[in-house]
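You will see two complexes here that share chain A, one where it goes with chain B and one where it goes with chain C.
The block that comes next holds the complex of A and B.
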């Protein structure tokens, strides 16, 4: 990686070690390496019961009867609860409540929860769940998204009309593209422990990305006051969007309150595949029109995403898909018609990239087709249309007023050195690997580029904020937040921000429950470094300023307050003074779209590009992704090594979607809900990655930082597809691209 | 039944009620949660332990079959709470994110460096092929282990 020269051990302002700009190591790294870090699935307490879920075997059916009798007759079974036992609101949902806590009359997707069980041990709980007798009348499932659109079974429609409907370009390309249903597949499955407090309330420790959203949904369904439920952050084994929605949270609280015992549950992998939402599969119809010089004159897109049975975040995902349908390019005349349909397929919601991934696959294929039609270098076509600060976003017309270095991303990526041609016969370097199926003479190399753009933070008029607290304790400075660390490194970066702002090196970050601090919002939308980081910077700065004003000090460090080279207040004295500051940070306000989809809908944007280099055995359809180079707009890299980790990890998820990752859904049923059949990239599938961080000041994030989590996943899929197209000459309008799509099409 | 074996250098005995895996016995009976359950079918490597000198997925080993065996888990590497060199290397390189795959990767790397004195980058890749990491893209893990 070509990182900025920022790995020195002192911060430029205060001299604080492990401040911003350094690649400081994770504070939770050692316990994770030693196996002592407590994930939700590791929690236990005295007298704990185990829960299991009874799930529908049908994607669409009417429930005639639920008989808990056979389950309750099993020794060690303490409870079987159904919809009748939900004390409060029967529905939950992240954006609006439309999903039953437990299905009562109708099940609408395969694996929908119907009843929940608590028993003495996990095995007994599972046996009891299987013993609950549910009588169904099977109904026809609606599984064709186009039919759902025709029947107006929709969660949201978006209509964007911008510019002059009569302006046309002389060069036209059209295409239809599809993206399969990807799963986040975090290594840790859903898990939680609910502990009744003996006073009618409950404490929940469960996998999540957003404790305050869980909390409000739990409170509503349990019909308790907000104070009676405390949702606690806990150790999380990855998320990538899978944990924004409630799954086992309300169930565990219900069972704990009913049995008056702590109740734990850990989903097995196959249950996890039905227990969380997935990336929306999409069908995208595009028409690009350009003038003879390659300037985009008109873009039209039809965006159809399948939301499955319940709303989850389909509205917002559809918003992103439509608003970023043109990519990081200028165009004055744009029509987009988007629809998120309701079917009896598995519910879909958030996954890294959140709508921008699907349209990027399509708009980048279109840009390559357009370049071919113009007989122009595809990178030159992109340069001529590159969106910059001061330009209007092609879809919404929003004037972009934060740094958007699209042109710099394109030019830097193109300038990165290319790898040498590989004539090695080493099977580790051939497509197909040690299966020894390929010979070098049958391998063709392809190079493909793709560029993507996405919003950072919540959009469309959301009141997006994060609260954080900084206090001085005898153990050092403490940062308190309800923001969720899922592995991305928030715990590291907010500590760095606090150290640099306070001047104090001894900083600990504590994740605290919903009763003790306001919301930090969701760990999603690439937003926590900017939002919670912004709150921590504001709180730490205000606290330092108050302390220095109080004691007429010049600066603060681990020893205390200093003036004229002398220590005027020792830290121990300061620490007993009850110094603390709580701050709520908001990003610039955004608007809801008008009737044509126009407005200032987004607070910030990030752009990134990827160059994929692939080797393909066209006859066998085998592909090896040799290398991916990337340039990414990061604002300011607060922890370069951590940014690099996000880039490399995000790229491999993009490669996974390009090559292998897809939930196969037939008639509403997931056919491959296991790690044997849902293929994830291993180290042997992982390309070498070179990353260039493009830093430009001016974003509202702390020290100008932008969110970095999603851009690596947005255009990496499209770049791999472009590279395989270049090697094979095939159109390849769908991802994932499997061997049969290459080999059976015959190649060039 | 009671299963007796050597675990991380100490003799232990554990009660096994249901037909259960070594992984479940380690986690639920012996209270060693370091070995992770992520797939329970030998695909992800998160539960890797060293059993009588061989790296195995503990989810695929029956608990009853480790009678009189020697088992090392992630809790048993390193010396008196100090990090094993592969743990230190992964910490320094940024090879840990969510950390759920990390114990399995540590065990794979410990096993590799026990067997091969100076493994090549290809040796490291081949050894790690049975460990799925969803966060890092493997780059930082490889950089850490290649530096050893």
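The block that comes next holds the complex of A and C.
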């Protein structure tokens, strides 16, 4: 019964080196295209039950009574569990355990889990969930973030004071900006299978970005020893931050242990929209002051993000928003006040860009306003202020000691050829597309630039590390890691790193559970290629060195150990020797901020720039994003094709935020938790992308690699907004920019 | 749940008489099922050949968007092209669009613009209703539950010029914010019909009257025409758009389509 479902994340390329710098084909690519790849939602095992969640229909209410009776009376229903059935710690949370596994007395957001059900099939489970009777006394929800700030309902406040607060510039621009609540909307919804081991423990296979963090939270809530719970990596269809937090994990383990049966659950799309955290909506007030030459003299920012009902990663997201509030620019006098408030809105947490996206939209709008006020080319303004290696980060004062090619990013982006003017009347090349709304004569073209910066890896003093193991087996070299592949291509790149380091082409990457290896940390913060890649490089290099030393060899390959052109130890012999190496890799240490927000808070940074070219139908406010050009600081492109994949996908997610992606929350209730109304760009909305990879070695990542996952999303939104402003002359202080904001005078 | 796969009209009508809900392409009905609206009794229409036939101006209710895209009258084909995605157009039918009677049904403005009739068949016989008798409110129609929509009947002579356009927030798979059809006959008779801006598809008679007198695509009276359309619609604000924008979009779209009709006329 406990036969584990197999995951098929293997990399088994024989005979070729496929090392770093090559665009090795991803091992999971073809199976995913053919539909044979097993995602978490595909897992099954004998005797499996199905779970469903009872969720609160109110954003804020007191629970008076929960009656499982009507649900239990339905044939095929095996369990209805509530907060009373949580064996251990009721609360969980990635940074601060403040969120109930199941709400016990009060519900604090719309869709909060109140009870869980297990039944013979998914349909019965859903019917049973609807039959659980919960009596509520509805309370007033706190949904206005500014009111929450006033009432001091906050997760964190940050105060940054750097330089001389009395200095003033002669040219001043001010602005207030707003960013809507974006959702990660991964195509694979939350799914998992928990299998009891018959000895009181449990194996969990579930969508995640961070199995070890899940594991420690599950253990605490189940009140089991660490050994009794094993959290396994599995096939995951996208994440973008939505899977850092626990959602169905503890529920499934509870139901499996209670029913002594394997229990599976797959969230439906609407449930997914309430079952994971979102990107923080933000309100940003800025004041930029410059001298006559356009040098930034002082930047002041008020950053307000709405964390929703529970902490999740709001503290860290707020940190990023504040630390990158000035963007990739120098400025010696900075004043930032940030607050992450607690409301009865949906909980927000990690999403690609993690706070840097929201402030980038604002600081780039400000830079364009400043350029206009100075009557200066906006790119020249940015060049004059470009942050470089050796400079201090404007907010925290940290001296940047890894390569930071801001200037190169600006210059090479500007040098990329512009597309020709388009005179085509093909509807697919016009705003409105096949809707036939628009002819070429209705269109104005706009071009906009934006630049962004973000940290790589965990910051603010966290002990950020990844463990990996490399071993030699008869089937070839094997890399073992608990790092999560969510589709980004980690499985490909760590295989490449191991091949190059070992000299062995036959490398398989295995994603293994929490009992068999130490943490790799989260697949987030653009960190796995640097951290897990770093661990694999160190382990593979050490293993090779030990083997060569042992046999006085010169090099190693798939045939074995070589010396003086002769094979001295055949691989088969080597493989039976039990050779393995486990390494933990840490990035340079960081500090917590002092009372003024100062310190060496970050381990590494990346910059990127985007140039958006848009066609705007001003009369109807419809926009076609024609093309986005980008230059990105990547350190070293270990797999250029994979890097481009991240760039194209990240840009499209940025375009989505600029143009359409927003969860509309009214009175704490999400009005559009479906793909009918939460609109993602389709292929007909996707711009062409030209990407230039800026390689500068010197970062601590393997072979100088930097994380590449988030930078494409940071400034692409701001660039699209800038381009629409250029085409229309409108201020457009909010994203997503809706047709009414462009078409109606006096729109937002 | 009772489920019958009807193979001819008789079987379908029998099932309907027993209270079954008709299922054509299922692209509306199944969305409802996913959302928890589970019918007890369903009759599938896909195999009913009579419903998939087209002759002359009579389009069977079971004709798919995919077929209409290639073979329908110009403005209806233009509308068909904007429905969902290729998968949806292969499954979804005109009859289903009419049956759902969503204010945002993309096929409906055309039916309004040409004064189409809806043919309803039950075991008691056949009756036809004009579009404005048939559509009575948001997702409400004059169809009795024992009646099948068997066809949409277009007038014998369709206007020579007809243009459709639809505003949405993205370029595919999008629910219309405003949809519009403008038709123009050789004698200058003009019709202006819109979707997504009222509980049912609507016509704007005042704008039609004015348009009759216009022939120059550069005419200053187009401002007045645009204004009449914007004033004539009855849109709402919801999470998809605002009343103000829909009003504005209706005027702009109708003006552009009339201009296209006039330009073509001149050519």
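Assorted remarks:
Rule of thumb we're sticking to: the second predicted complex is superposed on the first by the 729 of 748 C-alpha atoms of A that agree within 3 Å, B and C clash if a C-alpha of one lies under 4 Å from a C-alpha of the other, contacts with A are read in each partner's own complex, and residues count from 1 in each chain.
As a working rule, a residue touches a chain if its C-beta (ideal position, glycine included) is under 8 Å from a C-beta of that chain, and two chains touch if they have at least 3 such contacts.
Please read all numbers here as calculations on a predicted model, not as lab measurements.
By the document's definition of touching, of the two partners only chain B reaches A:487; chain C does not. By the document's definition of touching, of the two partners only chain B reaches A:36; chain C does not.
In the superposition on chain A, contact of A:738 is made with chain C only, not with chain B. Using the contact criterion defined above for the overlaid structures, shared-chain residue A:268 touches chain B and also reaches chain C.
Of the two partners, chain B and chain C, it is B that touches more residues of chain A. Looking at the shared chain after the overlay, A:664 reaches chain C, while chain B stays out of its contact range.
Touch criterion met: A:676 reaches chain B and chain C at once.
In the superposition on chain A, A:645 makes contact with chain B only, not with chain C.
Using the contact criterion defined above for the overlaid structures, shared-chain residue A:144 touches neither chain B nor chain C, since it reaches no partner.
When the two complexes are overlaid on their common chain A, residue A:120 makes contact with neither chain B nor chain C. On chain A, the surface patch touched by chain B in one complex and by chain C in the other comprises residues 268, 428, 676, 682-684. Listed in rising order, the residues of chain C touching chain A in the complex are 31, 34, 36, 78, 81-82, 163-175, 177, 239-242, 244-245, 248-249, 252-253, 256.
Taken in their complex, chain A has these residues touching chain C: 130, 268, 428, 432-437, 439, 442, 619-622, 624, 659-660, 664, 666, 671-672, 676-677, 679, 681-685, 738-740, 743-744. Residue ranges on chain B touching chain A, taken from their complex, read 18, 27, 32-41, 43-44, 46, 73-75, 78, 81, 83, 87, 90-94, 96-103, 106, 122, 125-126, 128-142. Residues of chain A touching chain B in their complex: 23, 25-26, 28-30, 32-39, 41-42, 123, 185-189, 236-240, 266, 268-269, 426, 428, 486-489, 641-642, 644-645, 647-653, 674-676, 680, 682-684, 686, 689.
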